[in-house]
Amino acid sequence: MGTGHAHALYVHEHSPIHHLPPQVKIAGAVAFIFSVAITPREAMWAFAIYAVAIAALVRISKVGFGFLLTRLIGVLPFIAFAFLIPFIASGEQVDVLGISVSRDGLWASWNIIAKATIGASTSIVLAGTTEVPDLLAGMNRLRVPTLFTSIAGFMIRYLGLIVDEIGRMRTAMTSRGYDPRWLWQAKPIAASAGAMFIRSYERGERVHDAMVARGYQGEMPELRRRDPSVQEWLTAAALPALGITVMVIAMVAT
Amino acid sequence: MHAPDGFLNAGTAVATGAVSVGTIGVALRQTREVLKEKQIPLAGIAAAFIFAAQMFNFPVAAGTTGHLLGGALAAILLGPHMGSIVVTIVVVVQALVFADGGLSALGYNVLNMAIVPAYGGYALYRLFRRVVPKTGGGVVTATGLAALGSVVLSAMAFSIQWLFGATAPVSFAEVFTAMVGVHFLIGIGEGVISAMAVGAVLASRADLVYGASDLDRAQLADSRKVPIRTFAIVGLLAALFFGAVVSQFAVDNPDGLERVAIDTGFVESEEDHALGNSIFADYATEGLENESLSLAIAGISGTLITLAVGWGIFAAVRERKPKQPASV
Amino acid sequence: MNLALEVRDLEFSYPDGRQALGGVDLAIETGTRVAVLGPNGAGKTTLALHLNGILRGSGVVTVGGLELNDDNLNEIRRRVGIVFQDANDQLFMPTVGEDVAFGPANLGLRGAELEARVEAALGEVDATELAQRPPHHLSGGEKRSAAIATALAMEPQILVLDEPTSGLDPLGRRELVQTLQGLDLTLLVITHDLPFALELCQRSIIVDRGTVVAEGPTAEILANDALLQQHRLEMPFGFNGSALGDRSTGS
C-alpha cells in the first residue's frame, strides 16, 4: 500500500505566502512554471536565478528546506531517467570523468532535471502554504467549473476513510494467511476493490441524503470566497514576473 | 506515470492542455444536469475510490507488485463522461495538492491518464461487447480486454506526443516500442484486476455497473465464462509476441513510464542522420533508418486513438439517458 | 393536543419491490422525546427518511400542522433535522464550522447572520472549539456532537436521530444524553440501546416489518418481556426490565 499520497502537503505556518488568497498563488505558480518550462536549456544562469528565487520562496513561506527535499522524491524516477540519457543518446561524444557520453544527451538530461526540480519545488511550496479546500476555492475563482471543484472536495474528504477501509480489508486478509505473489492469486484483492466500490457508492447516496436533509438543491454554498486586493495580486505577480523576464532575456540571448 | 514539468516541450504541453480542457469541458456540459443533483457527492466518492485504487497494490509475479490505473474501470463503472471527469480530477488533485506530476505537464498527463484510457477504454469495451455473449460473463471479459487495451492506447498516446515534443535524443521508434511493449504487460494486470473488480460489483449490485445497464437480470445472472484464464493466456501470448520485438525489456517490475524511462536507457540507438522534419521534434525522428516507417506507425496509432476516443465520446453522448439507480 | 408530527398510513416499497413500510401511523406531541425501537431491517431508517421528504411514499406526513407536499419540501426540511447514523456521512465539508454552515447557507443566510447561527448551534452541543477542525480527525463523540450541530443550525422543530449511541464510548454516551436532554425540541430517537431510550425518552414505539406494533411509556414497553422478545429486542444482561413496570420516567 502506497502511503505518501493520502497526505496533503500543507505545512501549518503563518507566513506572508500562507496568507495570500489561493487564486493569486495558483495563477502565480502556474505562470512561473510555464516560464521555466519555456526557458532555453543553454541559459544556465537563468536556472540559477530560478533556483535562488525558489530558495527565497521556501525561506519566506517557512515550509522548510528539509520538507522540500523529502517531497522532491516524487520526481526521482524521472531524474534517474534523465541521468541515463547522456549514455544512450546519439551525437557528438565528450569525455566526462573518462566516460564517453553524448553532449546533446547531457543537455537533455540537464534540461529535464532542472525544469522538473524547479517545477516540483514550486508546486510543493504552493501546496505547502495553501490548505486543500482553499486550493479548490482558488481554482473556482480562476473559472474552473464548480462541478469540478465540488467533486474534488468530496474526493479529498472521503479519500482518507476509503484508504483506511482498504487497509482494514488488507489486514483482515493477511490475518487469514493471504500472501499473494502472483497475478492469478489476486482475485480476493480485486473482489475487495469491487466491494469497496459498492460501499463508496452507497456512502455517496447517504451523503447525498444528508445534504438534501439540510436543504441542498444542487448548488454548493461558496463559504471560502476571498477576493484578493490589488496589492495581493501584485505580491503574487512578483514570482512569475521574474520568471517571464528571465525567460525572455534567455530566449533573446541564446 | 505522472510526468514532471519539462518532460515534453512547452508547445506540446500547451497543445495537449487545450485538448484536455476542451474534452473535459464537453464531458462536464454533457453530464451537468445529471451531476447537479445526486451525482456530485457520488462522483466525488467514486473519485476517492479511483484515487485509492491507484494506491492499491496487487501481486504481479514472484512477489513484485503493480497498481491499477483505473481509467477503463472508471468508465465502465460510471460511464465514459463521468469516468473521465473523475480520473481527471484525480490527476489534477495529485498535481495540485500532492505535487505528484508537474503543473505544466497536466495537459498531457490528463490526456494520457484520464481521457484516452477512459473514452478509449470505453470504446474498446463497447467493441468487445459486440463479440462476447450478452451475459454477466461477457461484461467481465469485455472489461478485461478493454482495460488492457486502454493502457496500451495510453502508451501509444504518450509516444505520439514524444514525436512532437521530445526533449531528449531518444527516437520515436525507441519510445514507442518500449512504451507499448511494457504497457502490454502492465495492461494484463490492469485487465485482470479490472475484470475481477467489475465481476465482484456485478455479483452484488449489478445496477451500479453503467456498462452493464443494457442487460436484464437473467442475462446478468449468467456469469458463465468466457473464461478469464483463457483471456489472460491470450493476453500474455500477445504480449510475448510483442515482447519478442522488445525482448530487452525486463518483466520484473513494470511500473509504467518510469520503467520505460529506465529501460529505454538500454536501447542502442542508431547512427544519427536526422532528416530534419519541421513539425516533429528533431530528437524523435533522429537516428531512424526508416523514418517513414516510424511516421506510419505514429500515424496509424494516432488514428486509432482518435477513433477510439471519438467513438467513446460519441457512444457516451448517444447513450446518455440519465439512468437513476435505485435509491436506498 | 399539540402535534409536532403526524404520520398517517405511510407506505413505501423500494424499486425492486421490497416493501419497507406497510402503513405506518404515528402521532408525536410537541416537546416529547420518543424512542423508535425495533430489530434490524424493521424500516426505522426508512421511516426517518420520510419525515423530511428524502424518500416519498404514499400516505400523509404532517409536521407542525404543515402537510408535506412538493411545494413545501424546503420548509419541511428546515423543520425536521435528521442526524444520520454514520456521522461521516453528515460531515462532508472541509471543517466542522463549514459543515454547520452548510444548511443555513442553503436557506440563504450569509455573513454575520450565518456566523451567529453556526456559533449558536455549536454552542448548544458544547462544541464551539471544533469549528476550525477537519472532521476526519475528530473522536467519535466529537463527530456525533458536530453532526447534531449541523442539524440544529437549521433551527428545526423536530430532531430525528438515527442510532446516536453507535460507536460511542460510555462517557461519550453519557455526554450525549446530557446534550439531548438540554435541547428544547421534540426528539425522535431511533435506537437499539434500550437503557439509553429509557433514560432519555418518555415514550417509545416499536416498529417491526414496516408497521408500528406497540406504543406507550418507555418504562412500560421495556417491562414487557414478551413484547420485546417477539420483536428481537432485549434488555442488556444485568438489567431487570420487568422491574420497570412501576417506575415512571420524568415527563
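Chains here go by letter, A, B and C, matching the order in which they are written, and residues are numbered from 1 within each.
Keep this in mind: a residue touches a chain if its C-beta (ideal position, glycine included) is under 8 Å from a C-beta of that chain, and two chains touch if they have at least 3 such contacts.
For clarity, every value in this text was computed on a predicted model and none was experimentally measured.
Distance from subunit A peaks, on a Cα-centroid basis, for C.
By count of C-beta pairs in contact, A-B exceeds the other of the chain pairs A-C and A-B.
Centroids built from CA atoms put subunit C at 46 Å from subunit B. The distance from the centre of subunit A to the centre of subunit C, each centre being the mean of the chain's C-alpha atoms, comes to 43 Å. Subunit A and subunit B have Cα centroids lying 21 Å from one another.
Within subunit A, residues 132, 153-154, 156-158, 161, 203, 207, 211 each touch two or more of the remaining chains. Residue positions of subunit B touching 2 or more other chains, listed in rising order: 41, 327-328.
Multi-chain contact residues of subunit C (touching two or more other chains): 92.
Partner subunit A is touched in their complex by these residues of subunit B: 2-7, 9-10, 13, 24, 28, 32, 35-38, 40-49, 51-63, 67-68, 77, 85-86, 89-90, 92-100, 102-105, 167-170, 188-189, 192-201, 203-205, 208, 229, 232, 257-258, 261-262, 264-272, 283, 286-287, 327-328.
In the complex of the two chains, the subunit C residues touching subunit A come out as 49, 52, 54, 74, 77-78, 80-82, 84, 86, 88-90, 92-95, 98, 101-103, 105-107, 135-136, 150-151, 154.
By the touch criterion stated above, subunit A contacts subunit C in their complex at residues 131-133, 153-154, 156-158, 160-161, 203, 206-207, 209-217, 221, 223-224. Only residues 1-2, 4-6, 8-9, 26, 29-30, 33-34, 36-38, 71, 74-75, 77-78, 80-82, 84-85, 87-91, 102, 104-105, 108-109, 111-112, 114-116, 118-120, 122-124, 126-127, 132, 135, 139, 145, 147-148, 150-159, 161-163, 166, 180-187, 189-198, 200-205, 207-208, 211, 218, 220 of subunit A touch subunit B when the two sit together in their complex.
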